[in-house]
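The first chain written gets the first letter, and so on, giving A, B, C and D; residue counts start at 1 in each chain.
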Amino acid sequence: MNTFGQALRVTTFGESHGEGIGAVIDGLPAGLEIEEEFLALEMQRRAGGKNLYSTQRKEADEVKILSGVFEGKTTGTSLGFFIQNTANKSRDYDSIKNLFRPGHADWTYFHKYGIRDYRGGGRSSARETSARVAAGAIAKMLLKPFGIVFQSGILSIGEIKGETIDFQNAQKSEIFALDKQVESAQKEAILQAREAHDSLGGVALIKASGVPCGLGEPLYYKLDSAIGALMLGLNGVKAVEIGNGVKSARLRGSQNNDMMNAEGFVSNHCGGILGGISNGAEILLKVHFKPTPSIFLPQSTQDMQGNVVQCEIKGRHDPCIAVRGSVVCESSLALILADMLLLNATSKLENLQKIYS
Amino acid sequence: MNTFGQALRVTTFGESHGEGIGAVIDGLPAGLEIEEEFLALEMQRRAGGKNLYSTQRKEADEVKILSGVFEGKTTGTSLGFFIQNTANKSRDYDSIKNLFRPGHADWTYFHKYGIRDYRGGGRSSARETSARVAAGAIAKMLLKPFGIVFQSGILSIGEIKGETIDFQNAQKSEIFALDKQVESAQKEAILQAREAHDSLGGVALIKASGVPCGLGEPLYYKLDSAIGALMLGLNGVKAVEIGNGVKSARLRGSQNNDMMNAEGFVSNHCGGILGGISNGAEILLKVHFKPTPSIFLPQSTQDMQGNVVQCEIKGRHDPCIAVRGSVVCESSLALILADMLLLNATSKLENLQKIYS
Amino acid sequence: MNTFGQALRVTTFGESHGEGIGAVIDGLPAGLEIEEEFLALEMQRRAGGKNLYSTQRKEADEVKILSGVFEGKTTGTSLGFFIQNTANKSRDYDSIKNLFRPGHADWTYFHKYGIRDYRGGGRSSARETSARVAAGAIAKMLLKPFGIVFQSGILSIGEIKGETIDFQNAQKSEIFALDKQVESAQKEAILQAREAHDSLGGVALIKASGVPCGLGEPLYYKLDSAIGALMLGLNGVKAVEIGNGVKSARLRGSQNNDMMNAEGFVSNHCGGILGGISNGAEILLKVHFKPTPSIFLPQSTQDMQGNVVQCEIKGRHDPCIAVRGSVVCESSLALILADMLLLNATSKLENLQKIYS
Amino acid sequence: MNTFGQALRVTTFGESHGEGIGAVIDGLPAGLEIEEEFLALEMQRRAGGKNLYSTQRKEADEVKILSGVFEGKTTGTSLGFFIQNTANKSRDYDSIKNLFRPGHADWTYFHKYGIRDYRGGGRSSARETSARVAAGAIAKMLLKPFGIVFQSGILSIGEIKGETIDFQNAQKSEIFALDKQVESAQKEAILQAREAHDSLGGVALIKASGVPCGLGEPLYYKLDSAIGALMLGLNGVKAVEIGNGVKSARLRGSQNNDMMNAEGFVSNHCGGILGGISNGAEILLKVHFKPTPSIFLPQSTQDMQGNVVQCEIKGRHDPCIAVRGSVVCESSLALILADMLLLNATSKLENLQKIYS
């Protein structure tokens, strides 16, 4: 089940400390120009090793396209790519080889498969998200000519929550902070957690603008359905809100409904989705990340033989995965909307007539 | 895209005011006893028309099995069923035929498909969830012999939130209230909203116990992924939380990680899912429902010609969809876990050896 | 696995002697007019009970549409239909309840599922093909405006093979014979087999004209791939040929290649498919049906306890399934091409630009 | 649509003259030992460049496993591999860059996608089958412990058809000839076609033994359905027969049915499949390959501007693709049976009980 999408299908493979991470993108329309420079920029947005707020593992994250592109354009055939791992330090994991790290997938992978690649969590590592970001970058190339663009940033870090939403600030910020007023406090909170050998949770806001009305395939591949699947499936995400989200459950219908005037909808409490289909307004999501489970404090756990032991984790980890996670959410939303754009192409008979006439 | 599931696939059809609602369940193992009585009980839990806290539409909700069962047991072939609509009052919709109801899917369906079945929302109506509950009941029959059981209830209605979680109380309560202390206040809030011709949001808590470790298929059909897809795809749901959920984003790793002692995990902040796979603990979800969009207050909207008009909705509607929605969430979780149980059957070579020896 | 298709997905259910046969068609574009009269005509082409060359079971084969159509047009939502069984004579099967009929799926269903619906073969009966023909009729309605039309007929019955291909004759013929010269001999052969309490094999020819270049999705959902899947999956089919078929394996490249002149291809040895994609020429298939396994001669078989017994089949059976099977092949090809037409809509970026501009 | 399979899903990518060919295998049970030596042997069986009866392109065909294997065993995660192209001679294709080669996919790819990778046919080249053979080798490793083994060989080359079926001879033969009596004549026929700058068709026989009863998923993923899909989707295949195949259409039921005695089935006219499910007998297929379309004789065709031109093909091509194609068919059947073995694991409730108790 390493494939996401229906019309645009992305299949990924690879482990944190294996050869690398790769993917196959199937269903890309032919004739799309692949901008390698943009692809590299997107990879850099997700990459760690740039400051103290992220992991110190510094990966080249170079995406090598292996197929599906000819003379700079997609050919309609499957596009394979590979991102070599270059900064493996598997010896960091020798100490945890025989035990189950709290908050990690070690326990569940071992019990499910009867085997476990202990090097950096193997397949369960967030290193896999590099493939999502690369695929998401290609999805963005597909969407841009149709006016669909993306923005994201950090709303809150631990208890420190911003009020203002300033995507411009997020772009320049080392922690993608949306609110300049609280940015330093948020940074400080991360560093404090880091110094305490601990980690911190956070919340990302994701936005897509220019989305045409009609994307989403009721009843079981609605737009919000796909968002729920990709976001809650992302490492460390424990809650997802669309539009008013949690707040809407506290409101009355007369407060939460989006009414219309002559220009269209006068509010966007629904986050751009009605009945699982985009309504033309901005798509707005909040994604809640738990604190990184890898902390350097001693923790009580079991080893493979069932003995209670103290776990002392080494390695290079993000003190707050929400920061880099926000980029992956943005890429994920791009993948979803690209898929939905393709699926919606055959929603009406008149669309077919436009193509086959 | 009217199909959910990978190994156990449920395909639904039908509209609110058409002939009825039906489904095909594909992938059911042969030899499962179908308990018609339990099926009817489950349908009754979801059914409206029983009190003032739900819709006054009273449907028979009789599930007629059309195939796939022989002498009381599944045969391994596709199980089709149909639930006839018996309480249609399509004339209630004549007044909204030409306009887009705020908060509803009218606008998006019309723009996506160029056509719209205005009778009760057509396919976009929550009436479709009757098929989910019927299919979920069959999923529960499959899961029960393996010790997997379900409970659910209402945590909060509007601003009124319970503290205690008492599933026994929920079972007896007309609004499935989990906390007897606040039950009357919650009922009162619903009635007040109703009398004000308005509606109210609410939050449901869903629990699955006895889930074995190993269910969930990384990386794109993780257990939380499937939960996100089915819950956020449900009518009116705007947020989903797993385990600590929203709260986990405010914590440190040392607070949020679930440590282990000799008996196993000492806490369940993760809600029973690690790395997308069940860890043997209880699965715990919070599902946030927006207030019913159908309210009887006048609302500003557009008609099909783009004129701004006042919308006055008639018909029979739930004043708070969270109440009956909680049952649908429970059924949805049963469908997910049944699918995951089947998928996990081939996770290890030794499982195949058990079967084919 | 009761679903066929990728963009246009047909999921069927039902058994030979159960309530009836039904299907859900998902992915139909909205705005397609459903011609109930044409649907009934197609059902009649497949129906038995009309003459001595087919089964004497006379089913009403009335297709009741349950959803997905509003005011005569598709709405873009899932279209469910049901065909009630009206001419069940399950008592015919009491004598074979405890044994495995040679050439039938009794043995394999029982061993696969550990249970068996013995009434007329249950799900394994060709009665299921009524759903395919109904769905195929709707596929034809979708394809017709794009100029794609179908023809079919019988090439040979047992050893009696026609030379001429006259689809007009096939239309009028009780056995859909393509060659008037051999029609009587073919009829005679069927009657002789019937009188001998035996049955006979036959070969059908299927043609689609007006197919635009470009249909088929390499590499694993090529046009010929889908044809292979649906035709070889049809009851009684044991071989499928495309274009020159078996003959092409005896030729040299210079004889088998289709060259071009200024007008286009000068021959059609490839049967309209190159590299798995339609080339604009006619799609041409030969489908080989085995003789009906249900014969009235005594046959040696095993009973459920493993004893060797004589099997004496009763009931109403086609003396030659190729005849009615040819209609099902035609419907199957319509389903495939409709699916391919939808899938091909997003093959090129310029198609998307036509739709979303 | 570059994915095959339901439980065991193989997604391939890559072109004839690009970087190489790769695949992702998803759904492999954990704990399977990967024998790299066997993998290399299988690749060698398919490889060309060994004698005058195949292409002179000599590829290293080294399969580099990129993920999904840890300490020699599968981990249950997606297995990616890549086969680098090492013997590209793209300049051979400069002369055909601007025209459509007869019998090739040039015309259809260009019309479908509006773009065309002319180097060796790009994605449409049979070079992709190297990925199928590598994946098939892994499927064989999975099947072998369950007693399922494969054999194949060449039945006929052009008009020269063998009588005897001797898989031992096929193993030693440079052209995999099943009948030693006609082997020299078959070789001679290939060389003659080659010297005449032409090519020749042929027929392969494929056999699987030890297949347990029960594999195949009615109604739309029957065993014969999957065989039809993969075989007819293979480059150059124009007909597929199962068991008696074409011959069965000329027989009576009393001749074609497989009766039973105390030991089981007394004949195998059905080729091991009844009702789409394996019956425990040998699976037997005949696969008919057209002659290689790449011939060195001048052929009339169109160029990209629609002018009629003479096509003169250069490059290194198989004079008879049936020979190496037979190996790919065998691998394809292994992939199908591995998929079916996994799917069948949940056919009965008692199978689940064996696993989850």
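FYI, a contact is a pair of C-beta atoms (placed from the backbone, for glycine too) under 8 Å apart; a residue touches a chain by one contact, two chains touch by 3 or more.
Since the model is a prediction, treat every value here as computed from it, not as a measurement.
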Determine the shortest chain-contact distance, in steps, between subunit B and subunit D. 1
By CA centroid distance, what chain is farthest from subunit D? B
When I count C-beta pairs in contact, which pair ends up with more: A-D or A-C? A-D
Same or different contact residues where subunit B meets its copy subunit A, judged by the half mark: same
Whole-Å distance, C-alpha centre of subunit A to that of subunit D, is 38
Whole-Å gap between the CA centroids of subunit A and subunit B: 26
Just give me the whole-number Å value for how far the CA centre of subunit A lies from that of subunit C. 45
Sequence positions of subunit B contacting 2 or more other chains: 1-3, 12, 27, 30-31, 76-78, 109, 112-114, 123, 218-219, 347-348, 350
Quick one: in the complex, what on subunit B touches subunit C? 1-3, 9, 11-15, 18-20, 22, 24, 26-27, 30-31, 64, 66-68, 70, 73-80, 82, 109, 112-117, 122-123
Which stretch or stretches of subunit D touch subunit B in the complex? 7, 27, 29-32, 76-78, 142, 145-146, 212, 218-219, 341-342, 345-356
Of all residues in subunit B, which touch subunit A in the complex? 1-4, 6, 12, 100, 102-105, 107-109, 111-114, 121, 123-124, 128, 156, 158-159, 193, 196, 198-203, 213-214, 216-222, 224-233, 235, 237-246, 248-262, 264, 266, 270-271, 274-280, 288-295, 297, 299-302, 306, 308, 322, 343-344, 347-348, 350
